[in-house]
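Structures incoming, each one as C-alpha cells.
Two complexes are shown next, each including subunit A; its partner changes from subunit B in the first to subunit C in the second.
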Partner chain A sequence: MMDSLVRLLWPEMVLTVAACVLFLLGVSRRAAVRRLTAVLAVLTLAGVFFGLLASGAGGSLMGGQVVSDPWNSVRIVEFGYYIKILVAGVGILLALLAWPGNRQATGNSAMDVGQDTGEFFGLMLLSLMGVFLVASSNDMILMFLGIELASIPTYIMVAISRPLAVAQEAGVKYFFLGAMAAALMLFGFSYLYGTTGLTDLHRIGQVFAASAGGIGQAPVLSPWQVLAVVMLMMGFAFKMAVVPLHFYAGDVYQGAATPVTALLSFVPKISGFVAMIKILFVVGGGSWVVPQFVTQILIVLSVLTMCVGNVLGLLQFNIKRVLAYSSIAHSGYMLVGLAALTSPRIAGSDEGLSAVLFYLAGYGIMNAAAFGVLMLLPARPGIAGMGGVGAGGKMPPATSAETFEDIAGQGRKHVALGLAMAVACFSLIGLPLTVGFFGKLYLIRAALNQGLIALVVITVINAAVSAAYYLRIVATMFLRSEPQTQWPQAAQPADDCDGRGTLPIKLAVGLSVFGVLLFGLVVPAIELLSTQSRSAARVDIPSSVEQPTASAMAR
Partner chain B sequence: MISILAQQAAQSPSAWLPVVLLIIIGIGFAAGNLILSILVGPHRTGSVKETTYESGMMPIGDARRRFNVRFYIVAMIFLVFDVEIVFFYPWATLFPHELATHTPLGLQLLIEAIVFVGLLLVAYFYAWGKGVFRWD
Partner chain C sequence: MHYSIVLLLAVPIVGAIVGALLPNARSAKWWALLVSVATALVGVWMAAQFDWNQDLSAVPTSDRLARSVQIAFTPGFDSPLHLQAIQFSFSLGVDSISLWLVLMTVLLMPVSILASFTYIKERQKEFYAWMQALLAFMLGVFVARDLLLFYVCFELTLIPMFFIIGIWGGSERRYAAGKFFLFTFSGSVFTLAVVIFLGLAAGSFDLATVTQYAQYDLTDSARFWVFMGLAAGMAVKVPLFPVHTWLPLAHTEAPTAGSVILAGVLLKLGAYGLLRLAVPMGLIGPAGLMFPTVVKALAVLCIIGVIYGALVAWVQQDIKKLVAYSSVSHLGFCVLGLVALNDYGMQGSVLYMVNHGLSTGAMFLVIGMIYERYHTRDIHQLSGLAKQMPIMSFFFVFFTLSSIGLPGLNGYVSEFLTILGAFTSEHLGIGYGIAAAVGIILGAIYMLHMVARVIFGPLKVPHVHEEEGHKPLSRDLNGREITVLVPLAIAVVLLGVLPTPVLNSVLEPVRMVRQPVTAPIVGPTAQSPAEVAMVQRP
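The block that comes next holds the complex of A and B.
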C-alpha cells in the first residue's frame, strides 16, 4: 500500500521534502546558504519536470490507463499527468523569475538574499504542489486541501514580497477574499456530500449518471445539488479570477512584487481550472453531458469575464494592472473552451477541453515572458508608481518597472527586451506565428464546431479590443522617448538590465520567448503540444466503461 | 454518524429529526432563560448595575491593553503542538489495536506518525532558527 502511494505521489513528496529543506536552510545566517535555496528550488522543479516527462510512455503520456490507490482518493490519469508536467515546467520559469537578484539597496528580504528567501521558495514549491494534488485528487476533501494549498502560500508570498504598505494591504485583502471563496467552495462541497453521502468524486459521478434518463442524457440534479454545483463554480471562479469574483485581481497583482504577480496569474488560476474541469466531469456523471444550466452559467461567465477584463484593461496606467485585467480576460477565453466542452450539440466531444489545456500551457509561457521583461526594467522614482510612497515616506522605491512612464523608450535602449515584450504581447493578443494564436484558434474552432456562433463573435471582438492595450505597451517601449526627469541623487537606480544576478531572469525570459515562438512557429512542436493536450483531455474513464464488479471486489 | 444520517436522509427526511430537535432545544434553552429572567428576576436598576459585568469585580481601566507581540508568536508556536495532540489522540487509540491484530496497517500507521512528527519538527526547528524562543 505504502509502495503504491509512493509510486503515485512521488512528485508531491519530492516537492514537500524540498520545501521543508528550503524552510530549514532559509533560517541560516549565511547569505551563501540562503542563495543556495533558489538553486535548490529550480533543481527540484527541473527534476520533477524531467522525471515526469521520462516516466510518461512515448507519444501518449500514460497510454490511457488509470492509476489509483486502494482508497481511490488519488486517481492519476493523463489529464493529471499533463497538468503536473505543465505546472512543473512553468514553475521552473517562475522560480527563475523570482531569483534573488542584485537589488540589495531595496531592503527587500524575500527577493534579495534576505531573511525570507528560503521561505519564499519553500512557499512557492508548496503552492505548486497544491496544484499537483488537485490534479491527482479523486476525493473532494483532498481536492479542497489541494486548492487551498495552492492558494494559502500565495497570500504570504504577496505580503512578504515587498517591504511596502501596498504589498501588505494586497496580502491581507487577498487573504480575506480568498477565505470567503474557500467558504463558498466548502459550502458547495458540503451540499454535494450531503446529497450523496460520498466524498469519492468518481462514485459521485456514478450516482449522477444513475439519475440520468438514459445513456447520453444529462443527469437530473436535485435543487440542493444545483446549489452545490453553482457554489462550487463560484468558488473556483475566485481562483480563476472570473468576473463576478475578479475584483481582487487588480489591487493584489499591483501590490505584489512582479515575480509573485507572475505566479499569481498562473498557479491559482490553473488550480481553479483543474478543479472546475473535474467537477464538470462529475456533474456530467462521468461524461461531458452536463445539465443545461451549467453550460449556460459557463457561457455567461465567459462573456462577462472577457468583456470586463478587456474594457478595464484599457483604462489602466499601471502595467501590472493591465496584465492583471489581461489575466482576467484570458480566463474568459478559456471558459469559452469549457462552454464548448459542455454544450450539447456534439455530445462527448472533448475538443473544447484539449483547447483549454493547450491554452493553459501557452498562457503560462507567454505570461512569464511579459512579467520577466517588466522585472528587468528599472522603475523611476516618484512618478505615479509606488516609488518612495509608503509608511513615513521611508520605504524604498519599487524595484522593477510598473507604469507606462517606467518603460517609455526602454525598447530602444534594450532592444532584446523590447523584442521579447513585443513577442509576449503579440502572443497575448493572439497574432499568428505565436502560441497565443494557436491557443485562440483551437478555442474558437471548438466553439464553432459546437455551434456557439455568438460566443465566437464576442471572443473575436474581445481579442481585437485587447490588442489596444497590448499594443500600447509595445508602442510605449519603442515609440515614446524616455522621459527626462531629475533623478534624486540617492535614488538613481542601478540599471537592473545589466546588473549582475539578473542572468536567471534573462534565462527565464529567453526560455519563455523561445517557447512562445517554438509552439507558434515550428509545426512539429505545435502538433506535439496539441496531441498531448488532446490525449490529456480524457479526464477519467467514463463510469459506464469501467467494470463496476472489479472495483466492488477490491472493496 | 453524519454519513449514516446522510445515507438515511436519501430515503426519508425524518432521519434529520434529531438534528432539528437539537437546534430547537439549543435555541429554546437560550431564549427560555432570557425570557425567564425577564419574567421572574427582580428588577433593580442603578449606576452600578449598568456597568459592564466583569466577573463580579469593579472594572478598572480599559480592556484594550497592548500586549507584547511575542505573545502572538508564542500562541502560533502553541498551534504546532496543539495540532500534534489533536492528531495523536485518535492515533494512539488505534495504533495498539492494529499492532495487536498484526495487520499490515500497523506499520503504515507508524510510518504516518513518523512523517507527521517529522513535518512538525521542521516547523519547530524553523521557528527556533527564526529566533522565536529568544525572549529579550
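The block that comes next holds the complex of A and C.
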C-alpha cells in the first residue's frame, strides 16, 4: 500500500521534502548557500517536471484508469497529470525569474528578499505543491487545504519580496482579501457537507447524479446546495481574479516584486481553475450537465471579467498593472471555455475543457515571457511607479522597469528583449504564429460548437480592445525614443542586462519565447499539446457508473 | 505537387531571417533587393508553368473549381504541415486571379526596396527584414487555399507594416501605426470568429470544402452573419466608406516603400478577401445570389466612397494625402465592379486590383522622390517642377493619367469595365453606374488640379538645407530612380493596350466565384481533405 501511495503522490512528496530542505538551508547566512537554494529549487522542479513527463505523459501510465488511495481522498486521472506537468514546467520558469543573481544572493534587479532567499524558494515550492494537491484531491477538505497551500505562501512572498512599504501593503491587502475568499469557500464546502454528509467529491457527485431526473439530465439542487455552489464559485473566482472579485489584482501585482507578480498571475489562478473544474464536474453529478444557473453564472462572470479587465487595462500607466488587468481578462477568456463546457447544447462535450487546458499552458508561458522582459529592463528614477525617487535622489530598491516611461525606446537598445516582449504581447493579443492564437482559436471553437454566438462576439471584441494596450507596450518599446532625463548621480541605473547574474532570467525569457513560438508555429508541437489537452479533459470517471475500485475492496 | 509555390513563400522568409543577421546596412540593402528579385523570378516561373488559356468546358462542373487551381501544394493528411486537431492544413494553390495579384506583388516589392535605398537612413537592416517578411505574408494571403492559413497571413501582414509605419514613418507615425493596427485588427477579429465557425461546421478549413459547405448547408440567417463577419475584416482593409479613416493617415505617415506596399498590395488583400471568401461563402447559395439588398448596400457604400474620397482628395494640401484619398475613391470602383456580380464588373474588378497597385504605387514612388529632394509635400510650396525635373515630371504626369483612366493606359480599361458592370448588373443598374461615372470626372479634376499646381506653373521650390553626411541627390531623377519607375511604366502601357490576356484568363475563375459550386464527387466530411484533394487533383 505504501508503494502505491508513493506512486501516486511522489511529486507532492518530493516538493515538500525539498521545501523543508530549503527552509533549513535558509537559516545559513552565507551567500553561497543562498545561491544553492535557488539551484536546488530549480533542480527539484525540473526533476518533478521530467519525472512526470516520463511517467505519465499522455495518460499512458493511467491507461484510462483512476488511481486512488484507500480513503479515496486522492484520485488521479490524466487531468491531474496534465496540470502537474504544466505547473512544474511553468514553475521552472518562475523559479528562474526569481533567481538571486546579485552578489549577496538576496535577489535580483526586481526583487530583494534579504537573507530569506531559502525561505522564498521553499515557499514557492510549497505554493506549487498546493496546486498539485488540488489537482489530485478528491476530498473537499484536501482540496481546500491545497488551495490554501497554494495561496498562503504567496501572501508571505508578496510581503518579503522587496523592502518597500508598497510590497508589505500589497501583502497585507492580499492576505485579508484572500482570507475572506477562503471563508467564502469554506462556507460553500460546509453547506455541501451539511446537505450530503460527505466530503468525498466523487460520492457527492453520485448523490447529485441520483437527484437528476434521468440520464443526461442536470441534477436538481436544494436551495442550500445552490448557495454552496455559488459560494464555492465566488471563492474560486477570487483565486482566478475574476470580476467582481478582482479588486486586489491591480494593487497587489504592482506592489509585489516582478517575479512574484509573475507567480501570482499563474499559480493561484490555476489552482482556482482546477478547483472550479472539479466542482463543476461534481455539480453535474459526474458529468458536465450542470444545473442551468451554473452555466448562466459562468457566462455572466466571463463577460464581466473580459470587459472590465480589458477596459481597465486600457487606462493604466504602470505595466505591471496592465499585466494585472490582462491577467483578469485572460481569466475571462478561459471562463468562456468553462461556459462552453457546461453549456447544454451538446451535453457531455468536453471540448471547452481541453480548450481551457490548452489556454492555461499558453498563458503560463507567454505571461512568464512578458514579466521576464520587464525584469531585465532598468527603471528610471523619478518616474518609477513606486512614488518616485526617494531621499537623496536614490532609486527605490529592487525596482526594475514598471512604467511606460521606463521601457520607452528600450526595444531599440536591447533588440532581443524588445523582440521577446513583442512576441509575448502579440501572443497575449492572440496574433497568429503564437500559442495565444491557437489558445483563442480553441476557446472560440468550443464556444461556437455550443452555439454561444453572443459570447464569442463579446470575446473577439475584447480581443480587439486588448490589442490596444498590448500594442502600446510594443509601440513604447520600439517606436518611442528613450526619454532624455537627467540622471541623479546616485540613481544612475546599473545596466542590468549585462550582468552574469541575470543569465537565468534570460534563460527563462528565452525558454518561454521559444515555447510561445513552438506551440504557435510548429504544427507537430501544436498537435502534441492539443492531443495532450484533449486527453487530459477527463477529470474523473463518470460517477453514475459504479466502479468497485481496488481501494474500495481494500477497505 | 508544385514546389515553386512553396519556394515563393520560402525565399522571402529565409531572406528576412538572413537579412536580419547580416553585418551591415549596405549588405542588407542589396540582399533585400536580391531576395525580392529572386521572389519575382519564382513568380515568373510560376506564370510560365501556368496554363493561361485553360479550357474547362470539357471538365465536369464539379471539378472546375479544383482544376482552376493549377499550381497547388497540398500536404498529406499525416504530414507535419497538417494540424489534425482542427483540420488546418498548410495548403497552397493559385488560380489565375491569385497569380495576377502575386505577379503584381512581386513586381512592386523590388521597386519599393530599390526606392528605399536613400530614403531609409536609420535602422536599415530591420527595415529590409520587415519588408521581406511582409512580402512573404502578403503572398501567403494570395496563395492560401486554406481558410485559416488565409486568415493567419492576413493578420500577420499587420505586424511588419506596424513597425514600418511606426519606426520609419513621418512625424505622426506612432499614432498612424497604432490606428492602422487597431482598425484592421478590430475588423478582422470578426472574420476570425466566422473562420473558426466555418472550419468547425465544415469539418475542414480547405477553401473549396468550406465554400461548398457555406453554399449548401448554411441557414439563411447564418449565411448572412457569415457574410457580415467576413466582410467586416475585409471592408476595413479595402477600405470601404465608413471605416476608411485609418487609411489617409497611415498612407501619409508611412515611408515611401510602406505607402507603395500599403496602397499597392495591402488594400488588395481586402478586395481579394471579398472576392475569394465573402462573396462565395456569404452571398451565394444553392440558387445563386442570396441577399440582393446586401449587395445594393455594399454598392452604395462603394459609391459614397468613390464620391466622398474624390471630394476630400480635391481639397488636400499634402500631395501624398491626396493620393491616399484617391485610393479610397479607386477602391470604391474596384469593389463596385466586384459586387456587380457579372462578367464585366468582376473581370474589371480583378484588373482594377492590379492596375491600382501599379499606378498608385508608382504615384507614391514619385512623390517620395520629390519629398526626398524638397522635404515637403505641400501643394502650396511646390510649383513648376517640370522646369527643374523634366524626367520626374514625365513620370508624374504619366502615372497621373494612368490613374485617372486615360485610354491607352491601364486605368481606363478597368474603370470602364467596373462601371459597365454596374450598369449592366442585374442587381444594381443605371443609377449606380451614373453615380460612379461622376466619380471618374471628379477623379480627373483632383488629379489634374494637383498636376497643374505642382508640375506646371512658375517654378517654386522650398529652400533645402542639405543634411550632413549624406550625398545630396541629383536635381532630377537619377539612374536608380528611373530604374524603379520604368518597369511600372512598361506594365502600365502593356495592361493599357493589351488587357485581354488578363481579362480572358480570369473570366472562368470569376464566374466560379459567383456561381454555386456544384455538388462534388465526395462529401466534405466523408473523407479527409487530403483524400478529397487527391481525388480532385489527379
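Definition applied: the second predicted complex is superposed on the first by the 516 of 555 C-alpha atoms of A that agree within 3 Å, B and C clash if a C-alpha of one lies under 4 Å from a C-alpha of the other, contacts with A are read in each partner's own complex, and residues count from 1 in each chain.
Rule of thumb we're sticking to: contacts are C-beta pairs under 8 Å (C-beta built on N, C-alpha and C of every residue); 3 or more make two chains touch, one makes a residue touch a chain.
Values in this document were obtained by computation on a predicted structure and should not be read as measured data.
Undergrad: Looking only at subunit A, is it subunit B or subunit C that touches more of its residues?
TA: It is C that touches the greater number of subunit A residues.
Undergrad: Where does A:Leu455 make contact in the superposed view: on subunit B (first), on subunit C (second), on both, or on neither?
TA: The answer is neither, since A:Leu455 touches no partner chain.
Undergrad: With both complexes overlaid on chain A, does A:Val77 touch subunit B (first), subunit C (second), both or neither?
TA: A:Val77 contacts neither subunit B nor subunit C.
Undergrad: Is A:Val27 contacted by the first partner subunit B, the second partner subunit C, both or neither?
TA: A:Val27 contacts subunit B only, not subunit C.
Undergrad: On the A-aligned overlay, A:Ala468 touches which partner chain: subunit B = first, subunit C = second, or both, or neither?
TA: second
Undergrad: Tell me the contact category for A:Gly197 with respect to subunit B and subunit C: first, second, both or neither.
TA: First partner only.
Undergrad: Hey, what residues of subunit A end up touching subunit B and subunit C alike?
TA: none
Undergrad: For subunit B, which residues are in contact with subunit A within the complex?
TA: Within the complex, subunit B contacts subunit A at residues 3, 6-7, 9-10, 104, 107-108, 111, 119, 122, 125-126, 128-130.
Undergrad: How about subunit C: which of its residues touch subunit A in the complex?
TA: The touching residues are 80-86, 88, 90, 123, 151-153, 155-156, 158-159, 162-163, 166-167, 173-174, 177-178, 181-182, 185-186, 189-190, 192-193, 196-197, 199-200, 225.
Undergrad: What does subunit A use to touch subunit B in their complex?
TA: Touching subunit B: residues 1-2, 20, 23-24, 26-28, 193-197 of subunit A.
Undergrad: If we count contacts the way the header does, which residues on subunit A are in touch with subunit C in the complex?
TA: Within the complex, subunit A contacts subunit C at residues 412, 426, 429, 431-433, 437, 440-442, 444-445, 448-449, 453, 456-457, 459-461, 463-464, 467-468, 471-472, 475, 478-480, 523-524, 526-527, 530-531, 534.
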